[in-house]
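There are two complexes below, and they share chain A, which is joined by chain B in the first and by chain C in the second.
Now for the complex of A and B:
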């Protein structure tokens, strides 16, 4: 059953997964290329750090697109096919979730392979170290977090999506009102800290994404 | 009589203006039950309730001896469903759709699926989204039949299809019923289509099941009578008067159910006489029953 679900989902996801895998493979190599001609280890690290956001964006984007692909076809058919299948709804959701999560693997593997090539290239300045496994594990976790969040949002109805977006709009509105009445309280910043600082839900995305560090 | 489907006082309000209510439905085991009703009568909603796709606000539903929607997974494993609109993922090929469907049904008969594929003239490599309406209908029927269900639920399976495809699909259903003694619930607003194949009829209108009876009774017992000199108030009658309209003078036109030839004598005993007895075909019967149900409701 899982195999059949995964096969159909692969059909909807493969373009995204393969493109993301190519980008994931190229990111470490491109970052090394850009840092290669720097004069000092500090400059080298700074150049590598500039590329770090790329891993976070790739993980978030891959999670988003794979999650949307997981539900897109069910939404089109108003879930009638899924609902008429002889499996419990929880199991069906888990099958879909598992199949999508599986397709994060080739992207993570591509990041790992690219990182290992960089680590073994011998182009790293003395005193610096490569962390290909740590970076790949973090990439996998970030991808999973992004996938899980968008999978949950994507599984809902249009009304659910509207509620989520409406909540964001409401926060922006509250912030706008606070600034209008000169209240020194940055709601968005507080919320950002709450979500992105440890142990926040999205803390895996924050901080430095370093393939090479001291 | 054992029942494949039974509902008791089921109620579901979907919109402010539409509700399925007081639904008491009885589909006998191994019958072909024609579920008739005009567009928007609530047939699809009822079918979705029966299959656990919707949850009733009150009442009880039993399908194949199991409560719904509580036991939906085990009931759906024994049920073939052809929905009103194609529900299979359009990006899959016919072959992929069959493979996906097969993985959910232990009773899937691949040999028969292959036979149906060639019988219906479908190409395994064709994308579901590029199938014509008729081919789509055939694919849905193939998927429902090849799982060898005990219960087939067909929601307007031939709506909008040409006569040739309609015949192919209904022939496949009949063949399956003959071979397997399955129960079939088939909804349609094409009355004449069901006349040939059904042995029970349920008539739905405005969210209510207004009649439910064996097909022979529906076809044979439903008559239009021209009656002269009938008294205004009748006691208990050996047949059911669905409607009664005054024509000219003392002549009246009655629509009755459960009419039998010997019943002229009853009318004579109350001082009335029958001038004409007209057999109604299924479509006329359907229309008259609807009219009478609406009159009663208003």
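Now for the complex of A and C:
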């Protein structure tokens, strides 16, 4: 059953996964290429750090697109296919979830291979160290978090999506009202801290993404 | 023809008269501006005198308090914070500074309440900690929240500042920072490594590989009569001139700059001997070296640093209890070998991520099959 679902899901996802894998492989190498011409280790680290946001964006984007692809055909078929299968909803969702999560693996492997090539290139200045495995593990986790969030949103009904979007709109509205009545309380900033500070929902994305560091 | 000449003459007269008027206006405006600035300065001085006088009167009205060799002037409200905080501050300095703390008997500190209008426009009472100067006025004060540990830190900072001021001038000119009271943080070593390797001076890069004479020059422990020749190699010198080329233009002959950039090291040397040169390593690392001396030297290391007579090298050696060369060798080795765990991954990052993946997966599993 899992094999059949994974095979069909792969057809919907492969373009995204392969393109993301190419980008994932190129990111470490491009960052090294850009940092290679710097004069000092300090500048080298700074240049590598500039590329760090690329890993976070790639992980978030890959998770989003693979999650959307996982549910896309079910939405188009108005979820009749799921009803026609002799499996429970929980099992069906887990099969879809597992298959989608599996397709993040090629992207993570591409990031790991690119990072290992950088680590073994001999182009890293003396005194600095490469952390290819730590970066790849973090990339995998960030990709999975992004995938899980959008998968959960995608699995819901239109009403669920409306509730999620409505909650955001409500928060913006509350912040607007607070500022109108001169209450010095930054709700959005607090919410941002809650989400991005550890152990927040998106904390895996925040902080430095360093392939090469001291 | 005559009309054109007449026109030119008129234009010339207009330009001359016009510029004269503009200049006259400029001078009057400048005079008015100078008068205004002078009046503002006089007013500011009067306010400053008045403020100093009020501060001195307030200090005279405070209670006296002694903790060890240190004298305090405290307000009745702040007494509850001042006494335990002063004891804490002294207890934290005593193991390292020992008898050197006796010099603090020459100064006095004030600890009093200070009304602060905070961000939310509320008046809140904070604690002000400052040093009382010889003329009774207050200098280098710090305002902190009314908590004993924060007041203790403010008192310790004020004490370290006083100790720095009363310490040997050569030592303080070398250190160019307030005396440290603790050992170096582990995260400082990787930073020191990058700084050594990124330095524009060859001696710093040689210090990284453990060359102790180079470390002595990089830290300024050994004096040099010709820094341009001793601290930098020819490639460094050329890079320095290339980097500051624009500054040299107009001040020295372009020929010398061009000649240096073409590879004539003597030209680079002559240019750099009259220039302000960058330090091989930052002052942060000098402080780091003193902190290492504290680590190696153990108890009373700061006392030995401050109370030993002689050069910076002798003082460092006395503080650490080993020759200065050995201390520099340890410093270089730590800078080279201390690793910092990567920021990328930790158990807390992994734990949080896996937790949220499970939560989102569970939410998806609870979704309805009916649309």
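The rule is simple: the second predicted complex is superposed on the first by the 214 of 214 C-alpha atoms of A that agree within 3 Å, B and C clash if a C-alpha of one lies under 4 Å from a C-alpha of the other, contacts with A are read in each partner's own complex, and residues count from 1 in each chain.
Convention: a contact is a pair of C-beta atoms (placed from the backbone, for glycine too) under 8 Å apart; a residue touches a chain by one contact, two chains touch by 3 or more.
Predicted, not measured: the structure shown is a model, and the values here were computed from it.
Clash-free side-by-side placement of chain B and chain C is the outcome of superposition onto chain A. Seen from the CA centre of chain A, the centres of chain B and chain C span an angle of about 160°, rounded to a multiple of 10.
Contacts of A:192 after superposition on the shared chain: neither chain B nor chain C is touched.
Of the two partner chains, chain B is the only one that A:73 touches; chain C does not reach it. By the touch criterion defined above, A:81 reaches chain B but does not reach chain C.
When the two complexes are overlaid on their common chain A, residue A:11 makes contact with chain B while staying clear of chain C. Shared-chain residue A:3: touches chain B; no touch with chain C.
One of chain B and chain C touches more residues of chain A, and that partner is C.
Closest C-alpha contact of chain B with chain C, superposed model: 6 Å.
Once the two complexes are overlaid on chain A, the chain A residues touched by chain B in the first and by chain C in the second are 78, 83. Here chain B touches chain A in the complex through residues 51-53, 73-77, 79, 81, 83, 85-92, 96, 99-100, 102-105, going by the rule given at the top. Of all residues in chain A, only 40-43, 45, 78-79, 82-83, 89-90, 92-94, 97, 125-129, 131, 134-135, 137-138, 141-142, 144-145, 148-149, 151-152, 154-158, 160, 184, 198-201, 203-204, 207-210, 213-214 touch chain C in the complex they form. Those residues of chain C that touch chain A in the complex are listed here as 119-120, 190-191, 193-198, 208, 336, 339-340, 342-345, 348-357, 359-361, 363-365, 367-369, 371.
Taken together, the chain A residues at the contact with chain B in this complex read 1, 3-5, 7-8, 11-12, 73, 76-78, 80-81, 83-88.
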